[in-house]
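Before anything else, here's the structure in question.
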């Protein structure tokens, strides 16, 4: 499947026009003022695609990914679904360099993530290369993982100042813009422990965006939230999906959300892709028995 | 009893020496604890081995033995220290080894998710340690550090045996000159107790500071309900 | 100055003699610490607030003042009150008393760790108080704290050199006497230090093995 949206503009657009300008906006989603704020913060860099080439990952004897191949186009919004233990989260963790692959090559943009090209051959990359590559990638975790030793504002400025080298004022300005976007402008001096789970997760999303990644990894971002807080976080992510051209890779058990946010769904089982297609195809007319079985089980719960 | 209390200038000078050796020794031990503790938490096997050797060696040897060694044995090898320097060195090396274990354990006890989040923000290894892991580990270190500080202070009494005029040494002087054995030792025990309590207050202040930094309230007070509910919907 | 191996060889028997004294003091002191610590721990749970608080402050006082000064007190002050102890006995009593305040804390934590349900079950069975303590609570508490108690045995071993302050010729004292005799301190004190390290490391290894056994049971 070709990348659907390489041309989507990153600059702010009028609220009413949002749905027309970007063609991967889910049907029925209404534009909100936050979309404008998000767009203002949107990365201006060219989005990156992702490519897995025969990627192998083992934990001991357990083969989690078995020569996995797949491609995500720049600016695509892809959701990974499948039973737990099928390797979805591992894919995100490999991309974030939290786990090391045991074989194969992962590319982000045109460059291999874990390797360097030297004399036409791929060799294992060092920390310096990983540091360069991580600039393209951001991640939001299931358990938020805000830094408890910093207040909300510093959680958002610490990376931009010390990693991206932004000036303090610029970082604070960017952080405030993002907090405004996630609806927590009044919480900048609050401490993570003083926030609800939903608020913490929105701060975590803002923190990831503050680094202006071109690829955003979302690892079951609503799984740890109380049911009534899930909607707020999902709405926020929909806005971000609509108003930016960041490549999104999302692992979720919320099928409705997966349907709204993605333009492609990959069904995983035992480290392989069982089926892939548009959300409509996967959720309405799944071809594979394994997919039907999984969807039945998820919808039943 | 009054004879003993009349010798208060001597007692004060002795107490001051005890406090000085305690603080210098603690400062030196803290530096060693951080250095070797970080080595022990590192991914490099060589650094971890350095940590193991230091910790096993200096934890295994008694502080007083080390002190005697620095004071009596090393000068014969041509290494001369002032008595106080020898004492501080011995105490620092000994308690640094205990401290290194505390530092290592505390860093390891910071949830891995914090390391991952720092990694996802593209912090370098040094930044991850300095900005994320160490500040959080500090909160875990302080209570055991408080205990070690008291132990270290108690161990300084050993310097009186190598003729440093600390509180215990002064007590023996006063005891010899006044013959008031019970009163003398009772008085200095109380002084030591007061020093220990003062040190504990200092550590507790530091603990409260780090707890505030981590957004924890003093344990006794329940968390206000307002902080845990009242979710505002995303705009 | 160079290391004198002949001299070192001649020192060994004497130093081993010192080590024997050190180990004796440690073991007997430890027995006192184990028993007395239990007494403190039980008294702290006494229904009388006065008793509980008194014990709390007495143990806090002993724990936060130097062992060396306490040894002086026992050795030099008690005779004036009619209790004269030999140096080694005074040392053992001092070590035992000092470390009993640590073991008391260990027992206390162990007792508090025994689940409430155990107390309730014992009450439901209408067991007499003595049986509740010695049949139900203490066996469980002690089991939990064996590794921690073991650590204090090693800590105590490393504190025995303070006994030389009251003229006990334990390991370091022997080494020092030898050095003073020949004015060659390097060899005896170094060897004494090595003895300490070897014994501590061996006992920590043994302890870790013990810990594992208690953990898997």
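Note that the chains are named A, B and C in the order they appear, and that numbering of residues resets to 1 at the start of each chain.
Just so it is clear, contacts are C-beta pairs under 8 Å (C-beta built on N, C-alpha and C of every residue); 3 or more make two chains touch, one makes a residue touch a chain.
This is a predicted model, so every value here is computed, not measured.
In terms of the distance between Cα centroids, chain B is separated most widely from A. Relative to the centroid of every protein C-alpha atom shown, the closest chain centre, again from C-alpha atoms, is found for B. Rounded to whole angstrom units, the spacing between the C-alpha centres of chain A and chain B is 45.
Distance between chain A and chain C, defined via averaged C-alpha coordinates, is recorded as 57 Å. Computed centre separation for the pair chain B/chain C is 21 angstrom, with centres defined by C-alpha atoms.
Contact with two or more other chains is made by no residue of chain A. Looking at chain B, no residue sits in touch with two or more other chains. Against chain B, in their complex, chain A makes its touches with residues 32-34, 96-98, 127, 131, 134-135, 137-139, 141, 143, 145-149, 151, 158-159, 162-163, 182-184, 191-196, 198-199, 202, 207-208, 211, 228-229, 231-233, 235-236, 239.
If you check the complex, the residues on chain B that touch chain A are 113-114, 116-125, 127, 131-132, 135-136, 213-216, 227-235.
Contact residues of chain B toward chain C in the complex are 56-57, 59-66, 68-69, 72-74, 76-78, 150, 153-158, 160-161, 168, 171-172, 175, 181-182, 185-186, 188-189, 192-193, 196-197, 200.
Interface residues of chain C, counted against chain B in their complex, comprise 1, 61, 63-70, 72-73, 76-77, 80-81, 158-162, 164-165, 172, 175-176, 179, 184-186, 189-190, 192-193, 196-198, 200-201.
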